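Shared between the two complexes below is chain A, which pairs with chain B and chain C, respectively.
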Partner chain A sequence: MNKVRQIGFSYAFLFPSFILTLVLGIYPLGWAIRYMFYDYKGYGEAKFTGFYNFQRLLRDTQYWESVVNTFVYAGGKLIITIPLCLALAVILNQKLKGRNFLRAIYFMPTIISSAVMAVVFFIIFNSYNGILNQYLMKFNIISERIDWLGPKHAMMTTILIAVWGAVGNYMLLFLAGLQNIPNDVYESASLDGANKRQQFWYLTIPMLGPVLQIVIMLAIINSLKGYETIMVLTEGGPIGKTEVMYLYVYKLFFPTPSSGTVVDQQFGYGSAVGFTTAVIVGIITLLYHMLSKRLNKMQ
Partner chain B sequence: MYKKIGTVVLSVFLAVALAACGNSSNNAGNEATNKPAESDAATAPASNEKKTKIVYWTGDRHDMDYIKEVIQSFNDTNDSNIEVEMVVKTDDYNQAIDLAFASGQAPDLLRVKENTIQAYVTKGYLAPIDDLMTEKMKQEFPLIQDFNQIGGKVYSLPNYGSTLRLVYNKELFAKAGIASPPKSLAEMVDAAKKITEVGKADGAYGFALNFKSPDSAFGRSARVIAEVSGIGGFGYDFKTARFDFTGFKDIIQAYKQMYDDGSTLPGMEALDIDPLRAQFAEGKIGMYISFSSEPGVYKNQFPAKIEWAAAPVPSIDGTIKGVSSFVGGQWLAINSSSKNQEAAWKFMEYMYADEILKTYHEKGFGISMVPSISAVASKPDINGIEGFLPTENDGTWPLNPTVTVEGIKSNDAFFKYMLGEGNLDEIIKDLNTRYNAALDKAIASGEVKAEPKPDFDPMKLGAK
Partner chain C sequence: MKTEAIPYTNKNMRRNPFREGGWGGRVLLWIFLLATALLILFPIVVTLFGSFMSNAELTTGGAILPSVWHFENFAEAWVQANFSRFTWNSLMLSGVTTIGTLIVASMAAYVVDRMNFPGKALFVAIQASTMFISIGAVVIRPQYELMIKLHLHTSLWGVILILISGHAYIFFILLSFLKGISRELDEAARIDGCSNAGIFWKIILPLLRPGLGVGALFTFCGAWNEYLRPLVFTMNTPELQTLTVGLSYLRYGASAAVQTHYMLAGACLSILPLLIVYMIANKSFMQMTAGSLKG
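Up next, the complex of A and B:
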């Protein structure tokens, strides 16, 4: 009887999140899966077109350029963010004066709206009166304005902004991981003569393994999915240089209105592109998962 | 037994608590939808349960204070016990409307525009007003095919329209020794160069546009240069009923020339319209092309620190071969699913009263598109409006067919060329092929009707 009651309680607690998943996850997914086989503008008649949307997707160079851009964006963000977060976490895990204050400072970007962040960064990076250019010129580091949001540098700028936004969050996860490593391990290592560098490489890193795996996985997924800051900062421009996959999908559903032409929403094609994008993100996450599992086994 | 009773009581208590949470969160949701976000503004009337409350959504903020006053006056004086709440949605207005209709939280009345009314009618958002209009209204308000009358039914009525002009900094023009605003593309390129030469040291450049969105930048500039040169502003040739972007070649070349000359504001690629206006108000931009909402912007939003004026946009070769777009034809519309349509119409009728429209025009919020108003109203009391007032060369171009084009859109392709990617002849050839393929597809599916009009005369689309 007790077991039945326990199972009943388990289901009762699962029920609300199941309903939420059903309504906010499964239903929209089913909706998108249905309409990706249709020509549908969000109103009027939806015309069944079979696999036409996918054929169109294969020859849609703008989309595939956005896929490449996403990989550059995500790769750049990961390469900078992970080591930086780890270094910050290690430093802020030591007995420093004001470390709690510093932790709060580094974490702050996480709680600021990404749209607000993008507006502030526009003020910093814009070419004509951006604060960054002004300071660089004042200190004679550059002589001509740099077009940070122009075609050449826009991707690099968006990556730097993304790093700024992500550092606090992953730093916190690393900190939690570091605090779970017992002090005795370090004590016995130093008795055995291991110096700080050896302790870091041979104790800290391996013992942070599980946290590191989760952080990297979260960072990969977030980087591949992120588009909000880019949408506000550059709208994917100039000339598509910062267009990422989910921003492209968003624009198919909600195109920028322009005076004189009727807004052209493409729900059918947007669903097909959205689904394909989700599959791409899923495959990459799966590959990473398999790789980290294999590495675990090797260890 | 006690345990059982306890469990039941606890369950009931939890259920009630959850329901209460549900209600409060629902209310919060409603409030979040009906009340504006931080950047929005609203005229929230005092609560009174007996009153019929209606909600009006708009994306216009330039007239916000005046409309607030008008609504307050309606709330105070109407004898039908109606209270109107206005919500100004500053960003993503179209998305907010779609989401509100999808979730059954749409406003009773909404602002519709020349590029949304057609889709809103097809989506079933709007209620026709033919049967509600009085005889006087039927005579007073011009009905414009595809812009307020769709499928034979009227869904909205015009208040103001927008003309398009070259907005220029008189001080920079004088400093560069330019006597009058450019009339041709060659003159425009030359003026931009001269202004940059004299202004660059102070951070002032000849030309700028909001290329963060190429659609918005070209849609307010290249479009109207094409129109006054007798070419459809969006590449559609009404004579042949085919897309043909060939006429845009000189325009895009001129833009590229200004960019290559360094006559454009640095960072124009990421510029939105408001940051552009802020720079113009500071005297950092020689000229740009935009709608007649600019005088209001430089009076209220970014008070101009410079002497500026507006002039007709240049044509390709200096000769005028077509009318310049007078954009508009619609203002308010009623939600077809509103439970308070009668009250909504009463408010709409009030908003379209002569006195309110006349004041709207005179205060300079927009140029009246209603002949009986523009005939009696005084000149708008706002600096810079003179150059925007409609002339015989302003008129309404017909709506071009909406087609779903595969691949890069014309404005993005042109902007790519401006920044040095591709060959313009090949780009135009490719655009013509893809746009016409999309047109043929839309015609075949019955979505679009495109019939050649060999007698179409772009000079005879005069002001309504």
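Up next, the complex of A and C:
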């Protein structure tokens, strides 16, 4: 009797969480899985077309360009972020005057809205009257305006902005990992005459290994997924140079007049693209996981 | 010959400022740290000071500090650019979302940690999977259609419900805090005749306060900074826009070029409240992120 009551009570308490997750979390996934086999524009009849959407996807050069862009974007972001954050974490893990203050500064971008900062970065980077060009010209570093958001530099600019937003988070994750390494390991190493550089390569990196792997995995997933900043800053432009996978998916569902060649909302096709993108992210995550496992075994 | 080698290296080390622990290394280290800090702070400083400049000074001046402090930027943005409305909407959205998330997540976390029932493992697995599977903006469409059916698409309640439904992360945070609360207390209360709900309300929730605090901080920030869902849900109802959405509309508005100072004043309104809380409680902010998915 008591047990039955406990189960009843449990279900009652779980109900709000369960129903919300089911209706707003799981059902939309099912919706997408259904409509990716349909030709459905959001109005009129939804027509079953089997795997047509996926055939179309294979021929959709705009999408595959956005996939390549995503890899460039994520790769660029990771190549700068991971070493930078590791360096900052190692430095700030030592006894250093003002280290808490510095940590607090580096972490600041993490708490600010990326959409809001994208507006600010637009004001900073826009070529015509952007603040950065004003400064650079005032101090005679450049003589002509640099088109930071133009076709040539837009990707680099978005990568730098992404790094700006990510530094604090990954620094902190690395710090958490570093704090788990017991201090006496370093003490005995320095007694044995190992210098700081040797300690870093032969102690810190191997002992940080598991954390490093998880953090890099998180970073990969996050950089493949992120598109909010780009959406506000460049809308994927100019001429699709900063279009990333999930931004393309967004545009198929919520096209805006300025969103380029995607003019018609296409829910069926959009679902197929969204699903494929999730699979791509999953495959990359899996590949990375396998690779890091193999590296582990080699050691 | 051997004895000569040692004094030689010693002398060399004393001369080289870039040897380990030398002043050269320290200087380089600090240049690196301060340069990084400067780059991180630059956009924030631009936002803060720029919001007091005139539009002309912002777009041509190349100054860091405003020559004249235009406090009226804020008053004008507040009234003319409708930021009073946006701020209120943001506050209401974030406040209700935070309360709702904490209630839903703490109830679920309580029974998952303290009770036994069939389907528990499945429930936890579903919660975990919702944190990692992402098909992007696709899900917003069915969510929107659902809200139309519930007649919630013309208010912020639809967005609030959707944001509360994403409570998996808070659920896991609270679960880890619950594991640290001794079970002896609820056993004692049970023997005294306290009901399950009574134990949750009178014993668990007060002891869970640190966890709820971290969860509240996290949820509030997330909702305050949320962009996509308020954007999509307020496409036909501009009076419901939040700060993030209202601001991004300024960026694409026809008069964007003459409204740079409003944009920065609006950006200030959006980031300042969080920055102020952050200055008071940055330790708690950092605590919650070790394990977060943002970035």
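What we mean here is this: the second predicted complex is superposed on the first by the 266 of 299 C-alpha atoms of A that agree within 3 Å, B and C clash if a C-alpha of one lies under 4 Å from a C-alpha of the other, contacts with A are read in each partner's own complex, and residues count from 1 in each chain.
As a convention for this text, a residue touches a chain if its C-beta (ideal position, glycine included) is under 8 Å from a C-beta of that chain, and two chains touch if they have at least 3 such contacts.
Note that this is a predicted model, so its numbers are computed, not measured.
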Clash or fit, chain B versus chain C on superposed chain A: clash
A:173 touches, of chain B and chain C: first, second, both or neither? second
First, second, both or neither for A:209, with chain B first and chain C second: neither
Which superposed partner A:127 touches (first chain B, second chain C, both, neither): first
Partner chain in contact with A:43 - chain B first, chain C second, else both or neither: first
Partner chain(s) touched by A:109 [first = chain B, second = chain C, both, neither]: second
More chain A residues in contact [chain B versus chain C]: C
Which superposed partner A:56 touches (first chain B, second chain C, both, neither): first
Which superposed partner A:154 touches (first chain B, second chain C, both, neither): first
Segment of chain B that clashes with chain C, given the candidates 99-107, 315-323 or 351-359: 99-107
On chain A, the residue positions that both chain B and chain C contact, one per complex: 42, 122, 129, 254, 258
Footprint of chain C on chain A - complex, ascending: 6-7, 9-11, 13-14, 16-18, 20-21, 23-29, 31-32, 42, 84, 87-88, 91, 102-124, 129, 131, 134-135, 137-138, 164-170, 172-173, 176, 195-197, 218-219, 221-222, 225, 227-228, 232, 245-246, 249-250, 253-254, 258, 267, 270-271, 274-275, 277-278, 281
Chain B residues within the chain A interface of the complex: 92, 94-95, 98, 113-116, 118-119, 122-124, 162, 203, 211-216, 219-220, 223, 233-234, 265-267, 269-271, 275, 279, 284, 291, 325, 327, 399-400, 402-404, 406-408, 411-412, 415-416, 419, 421, 445
Chain B-touching residues of chain A, taken from the complex the two chains share: 41-44, 47, 56, 59-62, 122, 126-130, 145, 147, 149-151, 154, 233-235, 237-240, 254, 256-266, 269
Sites on chain C touched by chain A in the complex: 20, 29, 32-33, 36-37, 39-41, 43-44, 46-47, 50, 58-62, 103-105, 107-108, 110-112, 115-118, 123, 126-127, 130, 132-143, 146, 161-162, 164-168, 171, 196-197, 200, 221, 224-225, 227-228, 232, 235, 243-245, 247-248, 250-252, 257, 260, 263-264, 267, 270-271, 274-275, 278, 282, 285-286, 289-295
